[in-house]
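Everything on this sheet refers to the single structure shown next.
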Amino acid sequence: MTLAEILASLFPQGHRVRVADGLVGGHGPLDGVEATVIGIDGDTALGIEGALALSRAVLDAVRAGDRAPILVLVDSDSQRMSRRDELLGLNECLAHLAKALLLADQAGHPTIGLIYGHSAAGAFIATALATRVLAALPGANPSVMDLPSVARVTKLPLDKLQEMAKSTPVFAPGLDNMVATGAVHAVLDPARPLSEQVRALIADAPADDVRDRLGAERGGRPVARAVAEAVADEARLEARRG
Amino acid sequence: MTDWRSEARLRDERLAAGRAHAEGKVVPAGAAIDLLEAILRPGDRVCLEGDNQKQADCLARALAACDPARVHDLHMVQSGIVLPEHLDVFETGIARRLDYSYSGPQGGRIAKMLYGGQIQLGAVHTYLELFARYFVDLTPNVALIAGVSADRDGNLYTGPNTEDTPTVVEATAFKNGVVVAQVNQIVDTVPRVDIPGDRIDFVVEADRPFYVEPLFTRDPAAMTETQVLMAMMAIKGIYAEYGITRLNHGIGFGTAAIELLLPTYGERLGLKGRIATHWALNPHPTLIPAIESGWVKQVHCFGSEVGMDRYIRARPDVFFTGADGSLRSNRAFCQTAGLYACDLFIGSTLQIDLMGHSSTVTRDRVAGFGGAPNMGSDPHGRRHPSDTWMKAGREAQTVGDPLLMRGRKLVVQLVETFGDKLVPTFVERLDAMELAKKTGLELAPVMVYADDVTHIVTEEGIANLLLCRDADEREQAIRGVAGYTEIGRGRDRAKVEELRSRGIVRRPEDLGIEPLDADRALLAAKSIKDLVHWSGGLYDPPAKFRNW
Amino acid sequence: MSPASTDPSALSWYEASARQRVAALADPGSFREFLPPTARRTSPHLPLFDLPRAFDDGIVVGRATLDGKPVLVAAQEGRFMGGAFGEVHGAKLIGLLRAARDLKPAAVLILFDTGGVRLQEANAGETAIAEAMRAIAELRAAGVPVIGLIGGRAGAYGGGGLIAGTCSRLAVSEGGRISVSGPEVIETNKGAEEFDSRDRALVWRTMGGKHRRLIGGADAFADDTVAAFRAAALDLIARAPAFDLATLEAEQARLEARIARFGDCRDATEIWARLGVNDPEAVPAMTTAAFDETVARVEEAHHDAR
Amino acid sequence: MESLTFRHTTQKPLPGSVPSAITGVVASGNLEVLLERVLPPDACEVAIETPVTGYAAVWEAVVADFVARAQPGGLRISINDGGARPDTVSLRLRQGARLMEA
């Protein structure tokens, strides 16, 4: 689906969402409140200016205090790779955007991510992965690194990696693997109105971070949940010992 | 009538042809190719100054760009094969024969070209040997050299990296040859005259400053506990034992670790002033802590080192400097100093065989030798005694009238039993033998011959070959320090224990060294930054060595 | 310069292992490790790639006291797989952060030493980074300071740089680096003209501890010793900013002002000059004392906007 | 990856009472050594995981020398190797034994 189609399906009554320089921003009516929409379109890399433009929109929504949903629509490249971005503190800007979304969440705004194209690395972490519920549309292609690049870095032949990718979702790019990891909660049905599907996601939003539980259930992260629990258990036990 | 002036006339012809591209002696960089095509003749012997460090790179590029129809079949006689252009000329036919000394960075490619027959190799020389032949049977017709600046009369300032230049110019200019110098800039007055202008025929103002490789910078951050252990053994088991004051160090991490242990471990052993006072050495950054701690009386240098200029200028009591304040190095003199006036050479190698021959040549790399074979040989022409030299001589030779006994130079190989990628250092047969066979060389390129080596230091211990009385003892002493290599595991354990009881093989514990004490904390500097601090901010390391 | 010392607190942070850092940072003998090496919770994925595993998967987590107060600590081992986040590695950090939510320690300390996501377990690593950022935001909102200490050889790159940006406060040493894209990554993707990764002085000028401290990307500058990091951690715990709208509004303004003021600078030295540093070229070689004096005069370096 | 296990009988137990210790890091040319006092006092077992294949004989010799010298009775020693050279292996084993004796 294109961004225009997605917006039309999300907001059948119309919306005020604009795209400029690959950055998405605006509002649209959802369940009687004005949802805030931010995002990245057109496989655009996220740099310092983009991150701060998006975080500004999120903080504006938090300041409004209406607890309206915040939708994060993502079809991005990775973080913008440049000397200037790093010089000026890209890590702070991306972390700031993620923190804005996490603060909004704490302040009672449902934060819903929707990945409909590509996304990778720092851009993915700062946007879609910083929402409470991350959904995807079929055809979305989140990745950390493409397989040819993985082949180059790991010095393993590409065909071997492709074979491994079939049985080991933990390293391979693609939506199915991100779903299996638990990072993507649900894949939406493009044939049905997105508005009602998003409404359902908001209604069913988990109270806690359940991504490692999903990863264990779906087999994409076989041990993370057990390891995290074991650490937490030991910590509590040690604390009781004093 | 015998023609006694044919060479001189040919020189005049070359100069006349070259002057067409010059204004006085000065040639713009853009005309360098024309100049070379004008002065060179097919079959000329050419020294294209490629030193250990300083490179006449502008002239190298110009030579490689000459028309092979006009310039061909040259015989290159230069100490260093360092730049790609040094070998490009053999691919195009501009050059055919080669006599050289060192080819570190091009070691892989030169091996391929030797196997492929693109290069007719005369020999891989020691520096002094090649320099000597400049004056006998390898005198250059044309020398292409490099300096920092020159005036319009050709008076040349080489900068701190004087290196080979005086030797090359001496041989060329005084035997009817033509000398072309590239300089970074033409100035009204040079800071000091390293080569008088009447020995320089043309001066090319280069398009960019000549390239210098920071060859002697070893980052302390990369030193391992094993290297620290070996350095402890060398200091306690050799330097202290023989009272070594006059010495030369190789280029490796092991010897750099020794330098960094002098102000800590050496100090603790009370050795300050008793060892390591007089050096033939490039200005190693890792020597800074020892200098600053007052260990080092003086250092004569083969060449300089990138980033050390300001430090050297501020320490003229230690280094040889000119009236302008900057370092004056000289490879030929320093090699001679290392050969005759030093009591110890200690360096590393890639392979050692059961007799003790060593080489840095491997199947796919012909790195050449640099200074090691001269430093690492016992000069039979030496006549002056020193306690170190005499003690070593007594160990080697137990019978005869003391008044007729020679001393011995200490030649120490400091090697880890395994190199990179678990390649064993100790082998049955040197790869150099294989190379000689395949390429039809009459002599295998051996770096240090067995009869010159006196000690081998590994992390397993010290083998004192001076004390071995026959070939079998020698082999078992070498096996005894070869650790877990096949050579080491093939040792006769009883025999090695017997050698140990005679002090021929000495383990760390025999020296009172606990291997677990070999900690990086002993290094006087653990990083390049520490070296900068030691130097009081005078050392200015190249960007690739910085992490600040 | 003094001869070698064996005092553990004088230990070089850069040189020390994760385990040595934790042991020397905490009150003597106070550290208790969770899922220690004997538990052998190793990566289930690395063998597929024919790569060796580590018994702790490259991260040490546990509890300790710092000046008598209970803290939870995580320390990455930068020499194992570049300190990168794999599944187990990430999950150990997540478990620690979740425990902190219940236990309310005086602080959580994260000793970063990471190149980012472990490629062989990329999806797990990336997700763990997102989980860590969420958990840190929750902890901070609950009033638990989360302090990042950065001075290892791998720095804090990739997702590590983002987690660092989520912490309450950061201490960094000269050798420490904080960034998202590494120099090699930028060079590979954009060419050596954009970023020459072999120019290490440029790398440190752009991403290193002094630059981050000067522009306010880190809150304390520590000498490269465990003792200095300990002192910095204690200081930072005492002045951790709240995690609320006011803080993030202030951070928004701070970062926007930074771009407006320095957005046209090509090199860090230009930024330092505009910050009022008299001799910007001298900054890399400055001693800690001289640098501290310089920082004290730079307004941007002091804020609660994180 | 290659897995190797060597079992030795020692004349005596390793002194000290530290239950476990770890030294070294899995990195290129380095290794980690985990030592646990879990075996009978006259037994020592060394288990190695290494990405460098074909060096079983070298490992065997290094381990045998270490056992003969340190007499690490009671220890199960587990090694994750990153391609370390034998001298580094020996050093780490001795460092580990010293930690256990403390």
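Every chain is named by a letter (A, B, C and D) in the order it is written, and numbering of its residues begins at 1.
Assume a residue touches a chain if its C-beta (ideal position, glycine included) is under 8 Å from a C-beta of that chain, and two chains touch if they have at least 3 such contacts.
By chain, with names taken from UniProt: A = Malonyl-S-ACP:biotin-protein carboxyltransferase MADD; B = Acetyl-S-ACP:malonate ACP transferase; C = Malonyl-S-ACP:biotin-protein carboxyltransferase MADC; D = Malonate decarboxylase acyl carrier protein.
What you see is a predicted model, and the numbers here were worked out from it, not measured in a lab.
**Student:** Taking every chain's C-alpha mean, which one sits closest to the mean of all protein C-alpha atoms?
**Tutor:** C
**Student:** Counting only C-beta pairs in contact, which pair of chains has the most of them?
**Tutor:** A-C
**Student:** I'd like to verify one number: the distance from the centre of subunit A to the centre of subunit D, where each centre is the average of its C-alpha atoms, in whole angstrom.
**Tutor:** Measuring from centre to centre gives 46 Å for this pair.
**Student:** How many Å are there between the centre of subunit A and the centre of subunit B, using C-alpha atoms for each centre?
**Tutor:** Subunit A and subunit B have C-alpha centres separated by 58 Å.
**Student:** Mind checking the centre-to-centre distance between subunit B and subunit D? Centres are C-alpha means, answer in whole Å.
**Tutor:** 41
**Student:** Going by the contact rule already set, what residues in subunit B reach two or more other chains?
**Tutor:** none
**Student:** Looking at the whole structure, which two-chain pairs count as touching?
**Tutor:** A-C, B-C, B-D, C-D
**Student:** Give every residue of subunit C touching subunit A within the complex, in rising order.
**Tutor:** 32, 34-35, 39, 41, 44-45, 48-49, 61-63, 70, 72, 87-88, 90-92, 94-96, 98-100, 102-103, 117, 119-131, 133-135, 137-138, 141, 156, 158-159, 161-166, 178-181, 185-186, 189-190, 194-195, 206-207, 211-212, 215, 217, 243-245, 248-249, 251-252, 255-256, 258-259, 262-263, 265-268, 271
**Student:** In the complex formed with subunit B, which residues of subunit D make contact?
**Tutor:** Residues 52, 55, 57-58, 61-62, 83, 85-88, 91, 94-95, 98 of subunit D touch subunit B in their complex.
**Student:** Help me check something: in the complex, which residues belonging to subunit B touch subunit C?
**Tutor:** 263-264, 267-268, 289, 519-524, 526-527, 529-530, 532-534, 537, 543-548
**Student:** Which residues, counting only subunit A, touch subunit C once they are in their complex?
**Tutor:** Interface residues on subunit A, with respect to subunit C: 48-49, 52, 55-56, 59, 62-63, 79, 81-96, 98-100, 102-103, 106-107, 121-122, 124-126, 129-130, 144-145, 150, 153-154, 156, 164, 168-173, 177-178, 180-183, 209, 211-212, 215, 220-232, 234-236, 238-239.
**Student:** Along subunit C, where are the residues that touch subunit B in the complex?
**Tutor:** Listed in rising order, the residues are 1, 3-6, 12, 14-15, 174-175, 198-204, 208, 210, 284-285.
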